[in-house]
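Each structure below is given as structure tokens.
Consider the two complexes below, in which chain A is the common component and chain B and chain C are the respective partners.
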Partner chain A sequence: MTSISSRRLRKELNEIQAEGCPTGITLLSADNFESWFFSIEILGESLYQGEVFKLMFRFDSNYPISAPAVQFVVDEDSTAPVHPHVYSNGHICASILGNEWSPVLSVSAVCVTLQSMLASCKSKERPVDNDRYVRYAPDNPKKTRFHYDGKRSMR
Partner chain B sequence: MAQRQVPTISDLRVKLCYICREEERHDTPDDPPRAWTHPCKCTLIAHESCLLQWIQTSQQNRSRAPNALKCPQCSTVYELESDNPVILRLLDAANRGLSTMGKVVTIASVTVVVVSLGTGMYILSTAYGAYALKEFLGAEMYDLLLTEDPTNWPWHCYLNLPLIPLALIVSRLPFNSSVTPLVPLLLAWPTSTPVWNNKRIVLDRWGIPMAPQREMFPLLPSWPPPPVLLGLFIYPSVRIIYNRLFTQFSRWVLNLQPEATDTAQRMILALEDDDPFLRIRINANGEERNGQPQPNGQGQQERGAGAANNNPDPDAVAPDAAAAAENTIRVSGTSLGRLIGGALIIPRISSVMGTLLYRLSKYSLLLRRFLAVRPPLTPDIRPSLMGSMIDEEAWRKMSPVKRLGVAGLLGLSVAWRGTPVWAECDPVWWRNSLGLGLFTVAKDCLHLLHLWLAKRELQSRRVKSKSFEGVDVGELDLINPAVYAAPRHP
Partner chain C sequence: MSSDYEYSDEEDFYDDDEDMASAGDDDSAPSDDDMDMDSFADDFKVPQHPPRKSYEIEHEPLSQQAVERLMTTDVDHISGIFGVNESTAALLLRYMNWNKERLIEKYMDNASSVSVAAGVSTPSRASPSVSGPAPIRSSGTRRRTIRQTPVPKAEPSVCPICFDDSQTSFLALSCDHSFCISCWAAYITSKIREEGEHAVRCMAEGCALVAPDPFVVSTLANSGEDEDGRTRERFQELLVRHFVSANPHLKYCPYPSCTYTVSCPSASSRSSLTTMVPTVSCGASHKFCFGCHIDSDHRPVVCPIAKMWLKKCRDDSETANWIKSNTKECSKCQSTIEKNGGCNHMTCKKCKHEFCWVCMGPWSEHGTAWYSCNRYDEKGGVDARDAQSKSRASLERYLHYYNRWANHEQSAKLSVELYNKTEKKMEEMQITSSLTWIEVQFMKRAVEEAERCRATLKWTYAMAFYLDRGNEKELFEDNQRDLEKAVEDLSELLESPIDPETISTLRQKVTDKTVYVAKRNEILLKDTSDGFAEERWKWNIAVEGFD
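Up next, the complex of A and B:
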């Protein structure tokens, strides 16, 4: 008997493959139920026009009770967007990935939320504490306790 | 008309759990059947087990707990029903109470540890302060001001005494040269009233009986200088002048180029810079000295020279950087011990030197006058706060205005000269201060001698030249080979 997590991920994957991703988002790979990769770009007027980023989802066996670990991939061919809530190592400070995660959300819902987070950006700058955070950041962003203050939190 | 029926979860054709995304059609129910729930006002439904798992997990996470019982879509608060008997609620409450008490106990124990450590430090510092004061003021004055019995101590002792070791150590820190070690010893006490004590020590002493008319002119300068004046003005200014002069003197002794720099410290650092040979040598000495600590009660004046000694690599760093490196080095490891030890031994050194001066004064009237050695107070006379200037009779006869004037004069006098205890007692503190000064000068001179000898040793260094004894003459290209032709032994 497969676990709840893999059954739910299987369903989400089926949906994505059947109905396609939301606009601007493409599934790059979903070879297992541990990590999925998406490409994400912002269509229409935005500060990130022409930029394509790579998103990595990591799931544990408690998904969807526990939130997926989501971050931008930073390697030779992709970087993290310059955004006040995105650290240069790709970690994202977004409440829906932390205390506001709920099982009603899904992989594609997270993608869309992040897309709109980028689209609504007013100024391209790194978080204030970027250097300090990146120096000591854990590999998995879920191990970080982000402080979602009023200014930073997202719907 | 039939009442319109409100549909429930069992009326749905397809049920989709918003948590696990499993579906169940009404015509093909799960086997075994699973309970479904519709907990809110919107269309979200879930398996009861999935929802309970979500709620339970969320409640365990402090940041997610506020959202645990809310529908993520319509924010309706879920209502939980459970068997919650009185006994369980009682136990829960007891558990909460106990964990609160646990927190209280934790905080209390940490507090107790911190407080007892602090109290220990405080008691130690106070005891040391009393010891330092006794060394510095002498037994007689100590008995008048404090006595061995802490119950007699005036209230401000409990502030002053623990501050003494602290101030001594601070006075020796490299970056705070304006604090003098004598200030805490001298300034706190002059205005203190004598403590009543019947068993006073009477010491065997010689001295010059004091002139009684001093009491008539309380604002005239007195000898020895009043402690307030000594601590606040004389000592610091003497130190500055001495530092300058001694630096000039060092420069002259070591035969170095004069250079216009401000502070003694920079001068001596520059001094080390001028002569690379000397500098290297001094470093070697510094290492030696760090390895085997010498008996050492450094005064303020040596700091500049000491700086160069402790500086590990002056070749590589600029003078300012060298000073900075010196600061860090002096506050670590052995040098920390040296710093604290050197600070805490100051009262003892000054007492020993003061006693030495006192012994010497036996043979010189001039020295006795200079030290203002006085015979001990007779046991039955206790110096009063007001002094003998006015008696009660005269006080009663005065007009209020005159009383005010006299009181003001007395207050000024007390602030200026200290209470009669300071004016009438044998001024052990005075000769101790002088002794400490002499000690500092002697130590500085010794250090300078060390530098001078080291420099001379370096400058006189030659490599001894030897003859070619034992070398085959034929191998040498000589001007006049015939003279050195190898003698043939028969």
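Up next, the complex of A and C:
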């Protein structure tokens, strides 16, 4: 791993440990500079009241020049939120994780963006192509070229 | 199968013949009817390209530099009209997909909105109505960068991306979002190399400015990130590809790592694809179709027919799989026979039965005037009454054509394999006998010509499958049969044993046959192509583009 990505991640981790995560976000584990886990919940009124989700970040040596791979964890004790931009395997279709990624964005910034994506949800439903996508999806969501549908896609 | 169907090769071909003639023993070459080899050789002494044949399409290969010159012309034109610098003009043109007329119209209408959309300038701060509602942005309180408000000109003390405090060189586009040169270079490299993106946007979140070419080039050069120049090269290639893909007269050579473009204006319309096969070749002699994505030369069949046939083959691949096997049973004694060359004339090792590999009929019928291995007897289909026998008849009909199609593909491969063995033998002969290198080349040329003709023949079966019954189809099948016969004879010669005693006779035979086969191929290609131009061919099914 290059020094840029580890220096950046060390700095982000120090900040999280010193100042804490944004409200509703909790760091579960950050044992290395390859994958970090967070829990995320939506405070205030939303369709996801009382639900807690788990987020996984995977970094490669090109972080933050290219985006981290971010997805909801789907296992025995967690599921992916039902949302028009979240697939049932946890993959997220969000332009900031793809072509609108900016290297100045941080792990916390991504968490907050996903939080507001869930908070503004009007109806709980899966993406229309969920079944087909999940059947052929690569393990790493970064390998998918999502089609971001203009205004409805979350940034 | 990759068929490198090179007409310009013929020049070499005849040049070599000339070499052979001057080698001494070829001056009494029998003239093959109207095909006089000596006069041909004379023709080709003139250092000019042979005139374009009627079935060849006019086209021009363009080097990357030549395309860049076309781009520069457009850029200069726009730069002059708008009074902007070249790199701005280039960004505007790319944004408008190189449509100059549309760009001029839009720009005259509202220069600033076009400039913002193209990433040339930031939205004017005086007008608060940017474009549409502001997108939801992240992390209000914790952001480290300053967004819509202008950044103070002073350089940041530390780069907000890498936090590397040893960085001293900072760069920003006209938006003043400043980052260190290492981060810029890494970002530009990643966009160009990983994403194949030529429009590299500012790294600040939500900033839509696009880095002008001089910024990209100088950042790569000054950062030391691109020592071998590969990223710069790739950037240039991406720009050219973008220009080419926006222009229907141009096509990028599909061969891996080739950077040639071909200009072929007469094949740029869809309707032209029903009257000709736009086989073109790039400056590196890669042959490809300007009209479709089929990766081999599909002459003499036009693109819509070729595509329909390939789709049919894909859909029916399971039914036809058994045909591809290399072994069959002798129809007389049932012993297993393996095919190990291109020739279809098989002789059973056990019972000496001679038969045709394709139709399994006795070979004796193939050498005579009523040779009809290529034709499908349509009567069976007409007599079929019930649905089941109808569908059996239609499967049989398909298999007839598919079988021959697949066989040519396979034979071409097998003859190349066989040739590789032969070549070894001939190299040995060069050492053990008095033959020169030039003298053993006739085999190579013959194998190449046979491969070429098999590629043509292969596609004639796709064509015949869709041709409507009638006189025209019969004439087409006459040409097909004549070429089949000629190629079979040549293939058979190529499989004959080689020894120093008989080699000069063999060479004469093979050379004559090669010339004849090339002529038959020519006739078929020309007649089929004329037929398309004259709209002579009628189909038994609706074909895209034909009425």
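Here is the rule we use: the second predicted complex is superposed on the first by the 151 of 155 C-alpha atoms of A that agree within 3 Å, B and C clash if a C-alpha of one lies under 4 Å from a C-alpha of the other, contacts with A are read in each partner's own complex, and residues count from 1 in each chain.
Basically, a residue touches a chain if its C-beta (ideal position, glycine included) is under 8 Å from a C-beta of that chain, and two chains touch if they have at least 3 such contacts.
This structure is a prediction, so every number in the text was calculated from the model and none was measured.
Chemist: Tell me the contact category for A:G98 with respect to chain B and chain C: first, second, both or neither.
Modeler: The answer is first: A:G98 touches chain B but not chain C.
Chemist: On chain A, which partner touches more residues: chain B or chain C?
Modeler: Of chain B and chain C, more residues of chain A lie in contact with C.
Chemist: If you stack the two complexes on chain A, which partner ends up touching A:S120: first (chain B), second (chain C), both, or neither?
Modeler: A:S120 sits against chain C, while chain B stays out of touch.
Chemist: Scan A:V110 for contacts with chain B and chain C and give back first, second, both or neither.
Modeler: Touch status of A:V110: second partner only.
Chemist: Give one of first, second, both or neither to describe whether A:G20 is in contact with chain B, with chain C, with both, or with none.
Modeler: It touches nothing on chain B or chain C.
Chemist: Considering each complex separately, which residues of chain A are in contact with chain B in the first and with chain C in the second?
Modeler: 4, 7-8, 11, 62, 64-66, 100, 102-105
Chemist: Using the touch rule from the top, collect the residues of chain C that touch chain A in their complex.
Modeler: Checking each residue of chain C against chain A gives 132-133, 135-139, 142-145, 160-164, 179, 182-183, 186-187, 190, 194, 203-207.
Chemist: Under the definition above, what is the set of chain A residues touching chain B in their complex?
Modeler: On the chain A side, the touching residues are 4, 7-8, 11-12, 62, 64-66, 98-105, 145.
Chemist: Help me check something: in the complex, which residues belonging to chain B touch chain A?
Modeler: It is residues 18-22, 44, 50, 53-54, 57, 61, 63-64, 66-67, 72-73 of chain B that touch chain A.
Chemist: Which residues of chain A touch chain C in their complex?
Modeler: Those in contact with chain C are residues 3-4, 7-8, 11, 22, 62, 64-66, 96, 100, 102-106, 108-110, 112-113, 116-117, 120, 151, 154-155.
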